[in-house]
Structure formats: structure tokens, C-alpha cells
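We call the chains A, B, C and D, going by the order they appear; numbering starts again at 1 in every chain.
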């Protein structure tokens, strides 16, 4: 992680409107290779919309998005995935009637490396192991518990061997032990060389995991910096005052 | 010119009837995501009831609308329990299969009993004329009744407890269950209302044209087009969609050979579908 | 693939289809198997769309009918021999499918299903008005076209074997796609198209490709079938009922499976044929077919293969 | 075991009458289900009526043997694809010696392809389209007048009543109706009549409102058209409801059925080209006279015969005659006998074309034109053309709608 290397992902004045609603406005920030960037903000701040813009679910109205120096603005999700960008969903999206292993094989087959089927299956086996689903790999995705489905989301994204992983609230709905385990998993993924951009409401977790944090409010960037700096940022505290619980958590952490 | 105007008026009249014929189909579709393939057979059931009661008891065709409505409602409830209830939670469109099966049974029994002979019920209601062009009375009356029924259905959906609950179920079944709406009973009632609309429209159509046991098919097909034009589950939308279709037919006929009307209709259907998935006249799906 | 037992099961099915009527020159059996071949071909190819990619296509009959028209028309109006006519039918219809597909594959679920109904009705209405194809009277070809085969009797055998071959090709195609990366992508689309796209499955391309592929063999079978009939007319070529039957067959047999769909097609055709010609049931054949279908739908929800898999779990390893 | 013997003995008793007993199997399909059911029913009754009479009379006698007639028939669901499957089955599995046609041109054509492929004689009374007879078929014979002559009587009559009549032709988009009206358009032109509208509609049309308006707009005073049963009847009713007030209406097929009377006032004055009516009185060389046929038929079915029943009966009669002439059931000999036939029956004269370009086409039989009129206060059909065969005067112009 050298400071002057080109960023892995660059958002350049990105904006998105839905009808009259400005969901994301004039947003710019970079993600450097190898870091974990946390994305926080109150509900409705535009975090998930931002993910959808990055991986091409819908195109932005303004601005450009660069990945590894390539302009990926407006590319459809499957092309973005091919560049090495994988994601998980806040609301899980399993391929319900396929096995856990098959779910991951899809990820591996059509991910960055565009592997043939038999190679993909090996990669998928590894990913299943990392996510701790080894014992359930022949189960149908729909038979998994919610926690299991969250892991499946992660395993599937990993199987794509991405350069950048977008994690959308992977910790939500997990019990404390599961959270602990998942944090360990995320650390190990980063250590294996994958850059991570994550949305998380669990402040404690994101503040300890992230190298840097970007704070969104009403679709605009409120603050950006190391967790400790951001937590003491007056505007951030002000924004979170609307959400006393979160504000308290922020301050508690700082 | 007068001929063209006459064609348009004719299109509006017949379009209102198309709208009525499609309403039951689009209601069931909108509320529960079920394409009811017995719709055509149920329209015919309404026609047959008309023939039996009108010729056996000599009742006025318009009196028969009442038994047609009630009979259709109970037939719909039965249809729900036989073919649709067990399909919830199955892969999408399994209900397509079960209603297809029931349709085979209905058409099979109908053909065994009546053959495909033609039935005609004479109705004398004075019409009005525009130059040499005449608009038969039954046609006008049927169109008016179709509009009345559509408006009635609209009030039912928007101003009664059951109707509001049906709309809630259409928008989000799980959420409705959470707030304590008894969905199963409501779904059964929805199918009942949908089928009652089919039988009533059949009874009305029966006063316009001679018909056979197979006449329902073309109205079912038109119902698909109307649904696409008017959106799902919206009675007023169905009426507007029906009129749009009728006017299109009326407007096109004077200028192209009639056999090309179908080509134009279906080409338009596909184009509209691609351009406005969800219907021209509704803004979003499930908007009852 | 050759080392898998299923490969040889398909080979066996083809051999049985080809050999059974040929032994003892059993023409009657051949004729009943012709329709079974047609149904298996139609249902298997429909299954690529329906069972794999999860798109309900009511328009599969259009491929069959257009294939028939192109083939019969080339033979009739341009004196082409059968083989190039068939190939022209296959490729021509596939190309058309690609064009249709680019338009309607943007639609999903019920909307796609509706659009395909629109295509069937539209194409039929078109054929009824298209004078080079004889309009609603259709095209007759003179029995003289059978001469190159050595007469009608011989020609019927040649056509039959060709149909069996096309049926076999359909089964291998279904099997091959299912065990390929392409098939995996299609299954993913069938389960959750948005998730599949995010995982990197090139959904528009795959959908267009499978729609196009699923048109090829039905078109050739249509060509063979109507060449055999020596007659084609719009109401037979674009019969919406046959499309609906193909969907019913897929669901009966177990959509997404190769064996189930083929078996379903075979059983369905034999059952309909039996009811239609049985002196006891003939008057109520529609009703009985309906009741049977309803029972199956209600009580065997996952189709024939689901039933077999759950009863004999080991078959899952052998039968695709 | 003993029971079995008894059964066998009983069966043998039934099967063995006084002289050597053989059977001829005749196969056909009819439309028990599907849109053509009504018209098909008349034809099937005609077939069955003939069979029962022949068997009651001891069967067909040929070459010193006597043959009982056995039928095998299936429901073709009014679908061409089924027809081919079922005729193949009739020939191969049921070993039919001879075939009758299904009802309608659309179904006869695909059936003829099969009968010809297997070299079986098929007698056709249900399909009037001429195209199948231009394919060089050898074993297909049509007892009815073909499509091109259906409306010639109507054109002649119309020309006599009003030489300046303007014609509107609107007809079903099916092979038979198109054939009929294409020929009629030519005949009208030759007669100097003006065709102001010439269009076809889809056979599935249920609402003719726009079509009727178009006819009114065309300023025509005579209407020719229709197709099969349902569309023809609907068209007649809507012409009446919308007060099109034609001076002349000829509709194919539908008005030839007695159920057409259900339309009430809408039926009055409508003419229909008919292969045969109960009023015609040809002097048969063999078989029943019209009066005998009508009486026996009514006794059996409690309804008067329509022309489909009469032509169906004629199918059987002609086949029987040919077999008896040939003295054999050998297909080649019977074919030769059929080629040579030139006879008059209660149905009219029967003679087949023998030139290869039209082989099997009917050239002897003539059609009549019937009109719906009030007979003793009830609606009924009268033969109105040709004048030498008429049972009542032609009503022209037809009564106006009230």
C-alpha cells in the first residue's frame, strides 16, 4: 500500500437520481489496493445505491467510475464482474435450487478469471472452505439458515477471485460468536491480497476493521479519513445525532 | 367519413365488452400472480347459463346476470380450492398447469354435452342509427353494463374492507399476513370475484353474438392483450385497455383487409409489451 | 462425456427408437413413434429455455411451424432437395429467433410468456395472409418429391430415421448443455437472474444464445414432419395448443431434467394417442386427460423425475 | 374351460350366417371435438345410416361373396396433424380396406396425402377444395360438387334479377371458402357484375361489427361469403342486427343446417348453395329415392337430413356400387370401376374426372340454391334455383330488417 500508486477504484463526481430524489450526489473518493475501506452513514444515506452504481446494476447520471484505471461507468454487472469486482447483498440473493457448491462454482466460472468448469469447481471448493460451509456444500441454498446464506454470499464472491470485494452488511443478523468468526474471515481475505469496500452498521466492527472510513449523508460525502479522525469529526457527530444510538456508539469508540 | 365514425363508435362499444371480458383475468393475475387458463371456459359457462335459462325458463337475458354472478363466484371458490390453493409456494406458473388441466376437463365435459353446436339467444332492445349505420341495442346495453360493472368493481376494491384487503394482498402477501389479513380466504374470494366477472361477461356477450362451446378462447386471448394494455388487476385499466383495442380494430378495419387486423393487433401487442412492460395505463405493477 | 453412463443411455434410447419399428417393418409403430419423436424434440428444446433459463416460452411451436414452412416452401417452390432445405430451415429459424429474442428477452416472467403468445398468434396471422406460402390454404407438395428416395414407402422410413436422429441430437444437446459452463450459467439465470448477472454471467448474451439454439432442432423436425405430411397449413403449423402441451410435458417430467422431459413427452403422447383411439374413452378423452394431469400436478409436484429421485435416490447419479 | 368353448361357439354362431361371410373395414375420422363438430356430425350420420342399411340388406355383394361393412373411426379434434396420425393408424393397425374423408377441405387434404401414400381409396364428401385433386392423386374421389361451382348458381340468379348488382364478398380465411369466392369473383366478372368489396377474415373472428360496417360503406346490394358454421351464422345475425339491408345474401354452409332457423328473422331470405335438399327429385338408377331416404333418416334420427348427411350416405353408396361393379374388393379393380362410374342417385348424377390434372374431381353432380323462407308460418329452406328444380319462387330483394 504505497501512497502514490494508482487507486484500485476511483469515483469521480458520481451522482444518481431516482425521479426527484438525489440518492447520490457529487461523490468522489478512491480505494487503494490492499486496504479495507468502511462506508458508513445513516439509513437512506445512499450506501447500497452506491454499491449498485459501482457494480453496474444501474448507471450513474453523472460522473465516472474507474476500476484499475479502466472506465467502467455504465458497464453492465457481468462485465464489471469480469474485471475482478465481486459483491455480497444486504438481502441475500442465493441461487435457491442449486447446491452451495454450485452457487460458488457460478462465481468462479464467471468471475475475474473466466475459468472452465472443472477448474472453477476446485476454486469453489476452496471458497466454500474459507467461508466455513464445507460441511454443507451439497445442501441446496434454500435449505441454509440466514447466517448460512450470508456465508454463501461471501463464499460465492470469493470464488470469483476478485481484486475488489464489496461487502454489504455481512455482519447484520449474526450473533456475537458468528460476528467474531466473520471478522476473522474478512481479515484473512484482506491478508490474501483482496481489497475490500464494506458497508456496515455495526460500528465497533467497522471501526476496528477499516483502514479508512467514508461517511455518507443524504448521498453526499460528509467525511473521509482514518476511523479515529472520522469519529471525532463534528459534522459526522451532528449527522448522527438524528440517530442517537449510532452517535453514542461513535463517541464511545472514539 | 360517417363510416369511419361508425367504426370508431362500434370499436368503443365492443371494446367495453372486451374490457369486461378481460377484467376477471387481470384481477386474478394481479392479486395472486396466477394466469387463469379456465377463463375462456368460464366465459362460455356464462353463455351456456344464458342459453339454458333464457330458452328453458324464458327469462330476460339481463335477469340472468344475477344467477351468472352468483354461480360464477362459487365456481371460482371451487376453482381456488381445487386448482390454485395447493400451488402456493410451488415454482412460478405451476398454477398455469393446474388451471390448464381444469380447462381440459371443462371443455371436455362441455363438448361431450353440447358438441360445438351454435347457440343463439335473441334479444330485442332498440338501438340507434347513424345514417345507414346501426348500433344494435343489446350492444349498447352491454357496453353500458360493462362500464357499470367496472366502476362497481373499482368501488369494491377501494371502498370495502374486503376489497382493500385484496389490494393489500396483491401488493404484498407476506406483509398482509403479518398484519392479520386472512389471506387464504381473501385469495379464494378474489378467484371467486374473478370468475364471476368471467361468467357475467360471458352472459353479456351471449346477448350479442351466437356462440359455441369454444367461443371463450378468443376472448381469453383478447384478455391477454387487454391486460398488457391496461395493466394488472386494475378494472378501470382493463376497461381502458379494452376500449383501446376495440377502437384500434374499428379504426384499422376501414383501411386494411380485415384479415390483417390480427397481425397488426399482435404486432402492436408485442411492441407495447416491450416498450411498456407493466401496461400503458398503469404506472407500476400491482397498482390495484 | 462419453465415459458417463448417461451418454450410453441416450445412445440406447436412439437405438431402440430406430430398431423397434424397423424389425418386422412395423409401420404402425413407426407412425406412433414419429409423434413421440416430435414431442421429445420440442419438449427437450423448450426445456433449455424453460427448465434451464427459467423462461416460459409459449412460442416453441413457432420454431416448428416456421421450420416446416421454410423447408416445404423450398422443396415446393424452388425444387431444393430435402437436406439443404432442412438446413436452411434450421439456420433460418435460428436467425429469426435471434431477432425475436433480442426484442422480447428484455421481458421477464409473465411478460415474456405473454409476448411469446403474441408471437405465435402474430406469426400465424401473418402466414394466413402471406401469399407465397399459400395463405390459409397452405402448401401442398406433390408425391413426386418422394421419388428420389425410391418412393413414398421408402421415403417415410428415411424421414423417420432422420427424426430419430434429430431427437437423439436434442437429448445430447440438453445433456451437453447441462454439463457445461454455459448450462451452469443458464441454471443460474433460471434461479435468480440479477444475482447471476452480478456473479458475472453474461445474461443477455446467454439468453439470446439459448433462445437461438432452442430454435434449431425444432425447426428441422418441423421441416421433416411437414415434408412427411406433404402438406402444411397455418392452423396446424402454429397451433398454440402444441406449445402449451410442450410446457405441460416439461413440468410433468420435471423441468430442468433431461430424462424427465423426454420420458414425459413419450408418456404424454402415448397416453393422448391411447385415449383418442380407445373406444371406451374416446368421447371423454379431453376430460380424462385433464383429470389425470390435475392429479399429477396436485400430488406429484416435482414431476416424474422428482418422484423417481425421491423414491430411488441412487438414480440421481445416473439420470440427468 | 367349458365356458370358453361355449363363448367361442356362440361367437362362431353370430359370425357365421348362411353363406360365406366377410367384412370390409372402412376407416375415417370425424370431428367429435373442435370447431367443425356440427357439420361433421351430419356427415358421420350419413355414413352410419348407409352402413346400417347395407348390413341390414345382407351386406355388399361382390364376386359371389357378401361383405358386411365395419367402421373404424376416431375423433380428429378438427386438427390436421391428428388427421394424418389417425389415417395412418386406420390403414396400418385397423387394416381399413377403404377410407372415407374427414369433414372440411382443411382436414381432407392432409388425409388424402396419407391415403395416397399407402394407395388406399378414399371417397370424399367433406372437402370441396380442388387443390388436392391437382396433385396427381390416383385413389381420391369426390362425390360432391367442388368449390369453384358453389356460387355459380347464385351468380346466375343474381344476374337475372339485377344485372347491375354490386357485390360484396367477405369470407373466412380458410382453403375452402377462399376457393369458392375466388371462383365466384371470376364468374361475377364474366357476368358483368361489379365486385366492390373482396376480403377474407380470420376463421376465429367472433365479432363482425366492423366487417358489417365496411360492407355497408361499400354500397353493395348483394352479399356473398361466410365460411363454416359458426362464423356464417354470426355474420348473418350481425348483418341483420346492424340493418345492412342487402337485397341478396348468400352464405356458405351455415344456412344449410336446420339449426340456422334459431337465428329467427336474421335467417329470412338468406340463400345457401346446397349440394342437396329434401325437395330435389332426381330419378335414382339404384338406391333410395329422396323421399325414401328422408323418411327413413327422419325415423332414425328424428331430424331431417342436411346435405352433409346426404353426401355422406352417397359416399357409401358409390363405394358399394363400384365394389359390386368390380366384383372384387381389390383396390385397383375398384379404382377402375370408380373411374368408369356415371350414374344418377337420389343425390344427383355422379361422375369423376379421369384426366391426370383433375383426377377424382366430381364432374357430374350439380348444386342447387336454397333460400330460407316462411313455410306455413315456420322458417324452412326452399329450393329456388335452378328454375327447373325449384320448389318455391326466389324472394328478391330479400325482406329488410325491422
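Note that a contact is a pair of C-beta atoms (placed from the backbone, for glycine too) under 8 Å apart; a residue touches a chain by one contact, two chains touch by 3 or more.
Remember, predicted model here, so these are calculated numbers, not experimental data.
Q: Which chain maximises the distance between its CA centroid and that of chain D?
A: Measuring from the centre of chain D, the most distant chain centre belongs to A.
Q: What chain is most central when centres are computed from CA atoms?
A: Central by C-alpha mean position: chain C.
Q: Taking each chain's centre as the mean position of its Cα atoms, how many Å separate chain A from chain D?
A: Each chain's C-alpha centroid was found; their separation is 76 Å.
Q: Taking the mean of the C-alpha atoms as each chain's centre, how many Å separate chain B from chain C?
A: 32
Q: Could you tell me the distance, in whole angstrom, between the mean C-alpha positions of chain C and chain D?
A: One centre to the other, that is 36 Å.
Q: If you average the Cα atoms of chain A and of chain C to get two centres, how far apart are those centres in Å?
A: It comes to 44 Å between the two C-alpha centres.
Q: For chain C, give me the residues that contact two or more of the other chains.
A: 125, 128-129, 283, 285-286
Q: Name the residues of chain D that each touch 2 or more other chains.
A: Residues 32-33, 173, 200, 202 of chain D each touch two or more of the other chains.
Q: Go through the chains and record each pair that touches.
A: Listed in label order, the chain pairs in contact are A-C, B-C, B-D, C-D.
Q: If you look only at chain C, which of its residues touch chain B in the complex?
A: Chain C reaches chain B through residues 56, 103-104, 106-111, 113-115, 117-119, 121-122, 125-126, 128-129, 244, 247-248, 251, 255, 283-291, 293-294, 297-298, 301.
Q: Considering only the defined contacts, which chain D positions touch chain C in the complex?
A: Against chain C, the touching part of chain D is residues 32-33, 74-75, 77, 79-82, 84-86, 88-89, 92-93, 106, 109-110, 113, 116-118, 129, 131-132, 135-137, 173-175, 178-179, 200, 202-203.
Q: Give every residue of chain C touching chain A within the complex, in rising order.
A: Going through chain C, the ones touching chain A are 180-181, 184-185, 187-188, 191-192, 194-204.
Q: Name, in rising order, each residue of chain C that touches chain D in their complex.
A: 27-28, 31-32, 34-35, 125, 128-129, 135-138, 140, 142-144, 146, 152-153, 156, 229-231, 233, 235-236, 239, 242, 273, 276-277, 282-283, 285-286
Q: Could you list, by residue number, the parts of chain D that touch chain B in their complex?
A: 31-38, 41, 170, 173, 199-202, 204-207, 209-211, 213-214, 216-217, 229-230, 233-234, 237-238, 241-243, 259, 262-264
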